[in-house]
Amino acid sequence: MIDAAGIAFQIVQSVLAVLIGPLYVGWVNQCRAWLQNRSGPGLLQPYYMLARLFHKEPVIAEHASPLFRATPYVLFGCMWLAGGIVPALATDLPFAPAADIIALVGVFALARVFLSLAALDIGTSFGGLGARREMMVGFLAEPAMLMTLFTAAFISNSTALTTIVETLAHREFAIYPSLAFAAVAFLMVLLAENARVPVDNPATHLELTMIHEAMILEYSGRHLALIEWASAIKLFAYTAIGIALFAPWGIAEGSNWSALPVALVALAAKLVLAGAGLAALETVSAKFRLFRAPEFLSTAFLLAVLGMLIHFLGRG
Amino acid sequence: MTTSLSQQLVNLLAAALLLIAFAMLSQRRVLSLIRLFAWQGMALGASTAIVAYSTAQHHLYYSAALTVALKVVLLPWILHRLIDKLYVRWDVETLINIPTTMLVGIGLAIFAFALATPISEMASTVTHSTLGIALASVLLSFLMMIVRRKAVPQVIGFLSMENGLFFAATSATYGMPLVVELGVALDVLVGTFIFGIFFFHIREQFDSLEIRHMEKLKED
Amino acid sequence: MEIALVFGIPLLGGLVLALVGHKRWAPEVNALMSFATFCAAALLTAKVVADGPMTALDEQFFVDPFNVFLVALTAFVGFTTALFSRPYMRIEEHHGRVNAARLRLYHSMYQLFSFTMVLCLLSNNVGILWVALEGATLSTVLLVSLYRTPASLEAAWKYFILCSVGIAQALFGVILLYFAAEKVLGPGGTSLLWTHLYDVRHQLEPTVLSLAFVFLLVGYGTKVGLVPLHNWLPDAHAEGPTPISAVLSGLLLNVALYAVVRSKVLVDGALGTGFSGNLMMGFGLLSVVVAAFFLSRQKDIKRMFAYSSIEHMGIMTFAFGMGGQVAAFAGLLHMTVHSLTKSAIFFAVGHAAQKVGTQVMDDIRGLVEISPRVGWGLALGTFAILGMPPFGVFASEFMILTTAMHEHSWATPFLLAALGVAFAAIFRKVQPMVFGETTAARLPHPPALAPVFVHLALVLMLGLYIPPYLAGWYRQAAALIG
């Protein structure tokens, strides 16, 4: 089964996920700056920042346990794995059977647990606060995410992400109300999970509202760099899942070398569009008060469940 | 399963109808509620027209036109006039917080779908799969009437319940005989007028449109 | 022709009184219109007795022994209530509780209410029946709030919301019924006609019909006042004008029950099981028991008799639920005697409350002393409604109980206990009101007590002797629904 093309695709995608993540974040920030009539920091700014952080010496709290030190690596590993197995470029990925959609959500959850534990580990009040808020978001976002993925899984009768994408890419054009519901729900989960604007604001450190930033306040140097990098890969991975589920056209299928350039161009185009869309969305929406976040996410959950129900109803 | 475009459109509109029902449930503002109600009427009229077109049932065109005239134009206009006169643009209070309401709503939707499945399997109409959605929106409107405290949202809940019933009629049976539909429309219209008269009476007596003031009659 | 007259006259009356309802002589016009309706109903009855069941106006209306007897009853009680309301509303106006404009609304709506009820009964179309029943709610809701007091507004709002929601469920049931009928009879107007549905009832899809019946029972059951959907009923009865309480209790509840029974016949035909009967028996028994226990806690006299109505509607629902000719016969008889007795009681109660200026039972004392006729009317009415022999209520309750003992012996203890509790509660409250030290005052207009005694005389007669044509009539109707 595993052939050269598959291995090559896997390597290209894994490397791409790691390298392209910061660029994608840079593009989103750039678009946001343009939309706000600013000139923007430039596309490569996230790379400069990572480089700068890697050159700094990490400062670690006196009472930090090994868990605190290990977390950035775990986080980075999880996200890299996720970025590697989401079929963004090709569906013939040898690693993909390692995790179906349920395990994928599990991988994200693992990262979340480690980050929250690390935040609690130091014992500062901000860490505990951030961890609590993160869990509040997580316990609603995860089921919503699962429901979204299940809707797609029911359409293609498989929980393997690659099979789902192959099925969806080949379907004839039809209006799937269930997928439309799932898409909206997924978008809401994406915003919440990646600490984007209506739920969290990655650009500020406002103690009343921050979630993600509150957890990583104590990190510095290469640890912080790894966490930031992992966040960038996470955003990329989520976007890739969204693209794979709701706009899979142009993806390379089977062991076909010649499809790779097309797939690359298609992915680049879709990422550019997705990033611009994300930036636009963040610009037009205002951040919620924190206690409205559960409402936001329960709406996402509701939409996902509705999508699934409507799928069954449409079939019956 | 191959489905025609018109059926897909009806399914999509049905999904939109259900989504609007949920949106109404989560809505806090009276004005937005009225707007949502008008949209629901629009979706209902559009789906009726599509069913009429795809099945060549001409009397459905009349009911589609009636729906649009009554539920998109006339009733929202009356409601707007009412709240303008009564100054009730403030937020709607709910008895249960909104996420809980939504979860209860999901439960109701699942219940409705389960109830409707054996029946939709028997239906021969192209739109049979939407019966569950119709029942779900009826139950959701019912829920909305229960959890809202103010009189105006309760009335909107009642009207949207009627929307759900109307949708059930088109989706299960291609619509009731026209004479019945006219009668139902007349009842709804008269009912809305009476509701309007009521609002003024209630406000005269209680200085507010909160149902909370009207809990005096109880068994002691 | 007679059919058109029966519902044409009240419709015309409603329109005429909308214009002249505030005039001095409007109550007389109201009574005259009701009398004309009664005459038309009598003509129709005579014709049906002579010619048998018939349909009219492109099959949109039909008459059979079941509904013609209800039409006659409705027209009769509508007429006597109009007679009662003539002095009653004048006294209310004198007391300043209503003004001319509200009287116009009252008279016009009274006629329209009669119209919707007759339309309900005579319509052959399930959908039109629904429309008319909703129309009955709409026409009475502004009457319940006629006094514009906070309590009456609250009662009317509750009445409106609960009945509208309930009847919306019934519409869903009607849709399901149409859905099942369409498969057998084909699309179009005929699929909703009772007469056609009745002929094909064995071919209707059982699953759909059982679900439809649940919705219909819940929907129309709200209007019948079945527990736990009864909340609106005591409030609406207590806060509205007494003539409206009388027609709500005596007529509207019957009409709603009529709709339930008609649906049950169809569903039984399709299912061939006791599903619908069991549901009705369950709801009926629950209503009887709950209402009986609420009776003793009441302070307001009209409220108490409203609960008594719930109890009796429960008994009827139970009787029709049991099925069989004897039970159906008893149910129909009970419908008749309950309508007559309960409206008579409300007439007496209305005047009693006007005399003492309150509806609180503790403040009403010694009616016999100040006005023997009101006092005795109330006393006799109470005896009758409690099922004392020789009144007709005793006969019908006795038949229902014996049938229940034969066929559903588990239910008899509940029924007997509930009847006992109700007896104790009502008797204990009414006794000091009728006898004892007086508190009442003179009325500015002479009260109309003839209707009270006419009703009670009829109930007494039905307890002692049922005329053969009436019995034959009941038997035919019972055969139709049993």
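By letter and in written order, the chains are A, B and C; residue numbering begins at 1 in each of them.
The definition used in the following text is that contacts are C-beta pairs under 8 Å (C-beta built on N, C-alpha and C of every residue); 3 or more make two chains touch, one makes a residue touch a chain.
The model shown is predicted, which means the values in this text are computed figures rather than measured ones.
Centroid analysis (C-alpha atoms only) places A farthest from chain B. Averaging Cα coordinates per chain and for the whole protein, the chain whose average falls nearest the overall one is B. The leading chain pair by number of C-beta pairs in contact is B-C. With centres defined as mean CA coordinates, chain C is found 31 Å away from chain B. Computed from the mean C-alpha positions, the centre of chain A lies at a distance of 38 Å from the centre of chain B. Distance between chain centres (mean CA atoms), chain A to chain C: 65 Å.
For chain C, the set of residues that touch two or more other chains is empty. Counting partner chains per residue, chain A shows two or more touched chains at no residue at all. Touching of two or more other chains is recorded for no residue of chain B.
Contact residues on chain B toward chain C in their complex (touch as defined above): 115, 118-119, 122-124, 135, 138, 142, 145, 151, 154, 158, 161-162, 165, 168-169, 172-174, 176-177, 179-180, 183-184, 186-187, 190-191, 194-195, 197-198, 201-202, 204-206, 211, 213-217, 219-220.
Here chain B touches chain A in the complex through residues 1, 3, 8-9, 11-12, 14-16, 18-19, 22, 26, 98-99, 102-103, 105-106, 109-110, 113, 117, 120-121, 129-130, 132-133, going by the rule given at the top. Interface residues of chain C facing chain B in the complex, by the touch rule stated above, are 125, 127-128, 130-131, 134-135, 138, 141-142, 145, 148-151, 153-158, 160-161, 164-165, 168, 171-172, 174-176, 178-179, 182-183, 187-189, 191-192, 205, 207-208, 211, 235, 238-239, 294, 297, 299.
Taken in their complex, chain A has these residues touching chain B: 174-175, 177-178, 180-181, 294-295, 298-299, 302-303, 305-306, 309-310, 312-316.
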